[in-house]
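Two complexes come next, and they have one chain in common, subunit A, joined by subunit B in the first and subunit C in the second.
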Partner chain A sequence: MSKVGEIILDKVTRKFGAVAAVNAVDQVIEGGSYCCMIGPSGCGKSTLLRMIAGHETPTSGRILIGGKDVTHVRTGERGTALMFQNYALFPHLNLTDNVAFPLKIHGVGAERRDRAREMLARVQLGHMADRMPSQLSGGQQQRVALARALITNPQVLLLDEPLSALDEFLRLRMRVELKRLQNDLGITFIHVTHTQPEAIALADKVIVMDHGLIEQAAHPREIYDRPHSPYVARFMGGQNVVSARVLTVGDEIQAEGAEGGRFAFAPRAALREGQDIRFAVRRDKIRLDQGQARAENAMPGKVINVEYQGTFVKVELATPQAEEFVAHLPESDFFANPFRFGDEVVARWQPQDVCMLVGTNNSAGDALAH
Partner chain B sequence: MQSKLIFWVLTAVFGLFILFLYGPMIAIFILSFQGPTGGMTFPLRGVSLHWFADLFASSRYGDLGGAFTRSMILGLLAMIITVTVSFFAGLGFRRKFRGSGVLFYLAIISLVMPGVLTGLGIGTLFTTLGLQTNWLLSGLGAHLTWTLPFGLLIMFAVLNRFNGSWEEAARDAGATRKQVLSQVTLPILFPGLIAVALFGLTLSYDEFPRSLLTVGTKNTLPLQVASLTANVTTPALYAIGTLTTALSLAVIVVAFAAIALTGRKR
Partner chain C sequence: MTPNRMSQLSVLPFTAILIIFTGLPLLMVVLLSFWTFDGLEYRPDFTLANFAAVFAAPVTWKIFANTLRYAAITWAITLVVGFTVSFYLVFHVRNLKLQIGLFLLCTIPFWTSTVIRMISWIPFLGREGLFNTGLMQLGLIQQPLEFLLFSDFAVIITYVNLFTLFMIVPIFNAMAKIDRNVIEAALDAGATGFQILRTIIIPLSRTGIALGTIFVLTLVMGDFFVVRVMSGGQSSTVVSAMKNNIDQMYYPQAAAMAVLLIAVVLGMVATILRVVDVRAELAK
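Take a look at the complex of A and B:
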């Protein structure tokens, strides 16, 4: 396994005064992988990115890139390139000189302009090489920023919320291009975002952060399907989080909700009787029945909102649980047997669809609070 | 109907203001070309360059050339110091260092202080220390109490539109502090620095109250002109006005050309 582009974070901590923005983070990011760091604002993801880039120095801990300790290596000399959220193109230089800037700094002679033009052509802006940045659209500026970041052949490309300044249409298009570029180049991409679909769509590895800690780091499918804690389940979305108390521990866990509902599922961690637990059930695994019949692995509720989403229908329930409870019903099922506002229903699921939430982080993980 | 009335009233007020602003200047300009037998008021008795020639030929205007030279030297020195100090001070003030607030208000106080009092203070200080007031020393210092805080304020406005991530991007490309300064910060801020330079030069060049008690025995141009108004009663005074105005215009044209030249591509 080649170590090129591999990043090792060894107990990396960054304190601002008494507050640890990043708190003893350990992580290995494989060389050549696409890694997304996600979390609400202030979770430490940007600080971590800036430390990898060398714009911040860790208070303690080590950062290794490609097997080399770069904790105190100057930015620009550690094989990384950072693409800024606002692109940070130099307003006094044309596109060619913007892209050639890192080469100029590294003492490359006149040929740097040729190489810059080649790179611009690669991001489909070859015909605009003599324009000034202010003459470009947001999407074009981003391509220039990308070209400038890639001109020095970095081992690692760091992207700080690269798509957040673009409109929805461009965002989806650039997302595809980023993924394609990463495939072509085979270098490590670390992409900071606060948009869940972006992280899930792009990443080989998603790192979910909160309060300076890594909550969970895994393949997006694992993150989405088997969230580690109530925070991850809520923040990544697509899940219902249910609170219950353990009744009996055996081959399967028997638990009881506050409202008296009974739940059973396979154990995922050591539990004891009387323990308060939370588990998650994916919204698309929930089925609804009319009426109020009680059953195991079911939750009574009242329909408070119905939204047609094209491929499925989102039905929101008010349940005895304090949290929102949502079912995503297949479109054909819903219209064969529709539900309306105010309907009394029972939401049910299969025991194997229950994901016990092992982690204790119970914060709301409000994605809008960034 | 009413809005139309308001429009005409406001237009008239604006017209009067423009007249008030430029009327005297234009009158002085015209009267400086007064014929040799003409006086300081209209009507014109012919058109000539007599009074311009008189300025250079006659000795009754005192050391006008010397006063002009001193004012120019003072202005250029004040300009260079103001640009340099404001540039670095502005960059420094971007970080909230300990005492930055106090320092800022200390700088602003010298803008608020009446200039004559500042000059009096500097003059008294020199006397107390047993030093002679001198245009290049106490004079320059007095001018800087006025141009430096002004330059700093302009620099703040200029830096308001400066995006710190440009410097970060340069560092990310491997640039050293010197390279960041010379290849990114300075060129991007250059048009703003020309504005600071322009203010430094002109504020010093026509400074009167701060000069009065600080330049010592040799006058600067504003002091010289002021003393001439007391005993000279010829249109030569207007000729001085026309010449200095022309010079100011030339400086402004050069400055705008410089801004346009560097900003053309943006």
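Take a look at the complex of A and C:
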């Protein structure tokens, strides 16, 4: 098996004073995969990225790239290239010289300009080779930064929030281009973001981080559909988190909500009776009925907001649970039987749609809440 | 009132100040350089005799060469010192408060007058001065070093002392504007510290270097006091020669010399501005 572009993080820790920005992280990122690291500000994702790039040195632990220990290898010599959030183009050099800069540093002669122009043509900026960075739009600057990062044929391309400075329209277009580029080149991309749809759309593997730890690392479908902890469920979105206490344990778990609702679902970990647990139910698996009838796997509530979203309708409920509760109803169902503000409703779901949350991280997944 | 008229009006006070305090005196000097003086009285005239006298005197070229030599040496030393100090403050002092504190420390000598700062070199550098006494007591020298005071050395060291800050401030300012990510991007490309200095930091500090150069050159070119005191009257520059003319009431000749000096300094500044587009860089 080829190890090109494979990244192994072995107990990687980075401390700033007493605070561990990254705390004993173990992870294997397959060569040639598109990996997104996501988490709120200060979760350690950028520090981890900068350690892989060599701009930070781990306090302890090892980093292997392509099977080689690069923990203490100089940045620029470890087969990585970092694309900066604000692009960090050299303001005093034209596009050709910007892109040719890494080649110049590595002692490539006059041919470096030709190679830079080829690379610029590849990102559709061949006609602007003699312009200065300040004459470009944000999207164009990003392409230049991409060209400069790729000119040395790195095994691993590291992208630090590459799309966050762009407007919505450009962001979606660049997203497509990044994915296409990664497909074409077949090199490992590690992309740090705080935008959930971006991570889900792009990645082969999503790494969700919080407080310097990896909460869950898996295929985006797994992350979205089977979140590990309440934090992951809340942070990635699309889920309702429900608290309950276990009543009986067996092939099926029976649990009771604080307000007396009864829930049943398949176990995902060993539980004991009387244990407080949380589970998640996807917003699009919830159905609503008018009235207040009690039933198993149901939750009474009052409609507090209705938003039409085009393909579905988002209905927000106030429930006995302290947490927000949202149902995404199919558009045709909703308009056949609409709900209004203040309606008393019952939200119900199927036992197989319940995902028990094994992890204990119960933070809100909101950077501002920390 | 149109916006155009508004902006014209808002620059009016400054224009007035410039005209009254710079434009008119300059005009006076230029006019005066064409007047005649017979040893008794000045007469408004249009004669080129003053310029002819200035150009014909070999001493003119000698003092211009001497002034330019001082300017060049002072410039080189202040540039190296100013660049190094700024580099240290911007890139090695990570703590912003400490950075500002150290920067203010650089300005402390300016809390007192130029004359005092200059004069205080004399007891330090003199024959019986602190430096000589110290070296003799350490047994490093037997005779006091003569070149320390009333010499070119003393003049240059005073210039450097007085003018280095004028190099530090603009270079510091230009360096502080360099985006740290740009330096990291160069590191990421594999550049060594020296390569980053040469290919990134020096080119991006060039506005500051240009401004500092203009300050130092014009200050040295316009000085007569330091050179007169610190060289002990043994050395003369353009302005100290002018001062002699003025003392002897030869105003028109002094004015002609002044016009020549202004032309030379303007030429130097124009050359610098040609190499570095300071205006465009400052507008960023």
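One rule holds in what follows: the second predicted complex is superposed on the first by the 366 of 370 C-alpha atoms of A that agree within 3 Å, B and C clash if a C-alpha of one lies under 4 Å from a C-alpha of the other, contacts with A are read in each partner's own complex, and residues count from 1 in each chain.
We adopt the following convention: contacts are C-beta pairs under 8 Å (C-beta built on N, C-alpha and C of every residue); 3 or more make two chains touch, one makes a residue touch a chain.
Values in this document were obtained by computation on a predicted structure and should not be read as measured data.
A.B. asks: Overlay done on subunit A, so just call it for subunit B and subunit C: clash or fit.
C.D. replies: Clash - subunit B and subunit C, as placed by superposing on subunit A, overlap.
A.B. asks: Applying the touch criterion given at the start, work out whether A:91 contacts subunit B, subunit C, both or neither, answering first, second, both or neither.
C.D. replies: In the superposition, A:91 touches subunit B and subunit C alike.
A.B. asks: May I ask you to decide whether A:172 touches subunit B, subunit C, both, or neither, giving the answer as first, second, both or neither?
C.D. replies: neither
A.B. asks: What is the contact status of A:55 with respect to subunit B (first) and subunit C (second): first, second, both, or neither?
C.D. replies: Both partners.
A.B. asks: May I ask you to decide whether A:132 touches subunit B, subunit C, both, or neither, giving the answer as first, second, both or neither?
C.D. replies: first
A.B. asks: Counting only touches as set out at the top, which of subunit B and subunit C does A:106 meet: first, second, both, neither?
C.D. replies: In the superposition, A:106 contacts both subunit B and subunit C.
A.B. asks: Figure out whether A:249 sits in contact with subunit B (first) or subunit C (second), or with both, or with neither.
C.D. replies: neither
A.B. asks: Classify the contacts of A:76 with the two partner chains as first (subunit B alone), second (subunit C alone), both, or neither.
C.D. replies: In the superposed model, A:76 contacts both subunit B and subunit C.
A.B. asks: Which subunit A residues are contacted by subunit C in one complex and by subunit B in the other?
C.D. replies: Shared contact residues on subunit A (touching subunit B in one complex, subunit C in the other): 53-55, 74-77, 80-82, 84-86, 88-92, 101-102, 104-106, 134, 148, 152.
A.B. asks: Looking at the complex, which residues from subunit C come into contact with subunit A?
C.D. replies: Contacts found on subunit C: 179, 181-182, 184-191, 195, 199-200, 203-204, 284.
A.B. asks: For subunit B, which residues count as touching subunit A in their complex?
C.D. replies: 163, 165-166, 168-175, 179, 183-184, 187-188, 190, 262, 265-266
A.B. asks: Using the touch definition from the top, list the residues of subunit A that touch subunit C in their complex.
C.D. replies: 53-55, 74-77, 80-82, 84-86, 88-92, 101-102, 104-106, 134, 148, 152
A.B. asks: Touching residues of subunit A toward subunit B in the complex: what are they?
C.D. replies: Answer in residue numbers: 53-55, 74-77, 80-82, 84-86, 88-92, 94, 101-102, 104-106, 132, 134, 148, 152.
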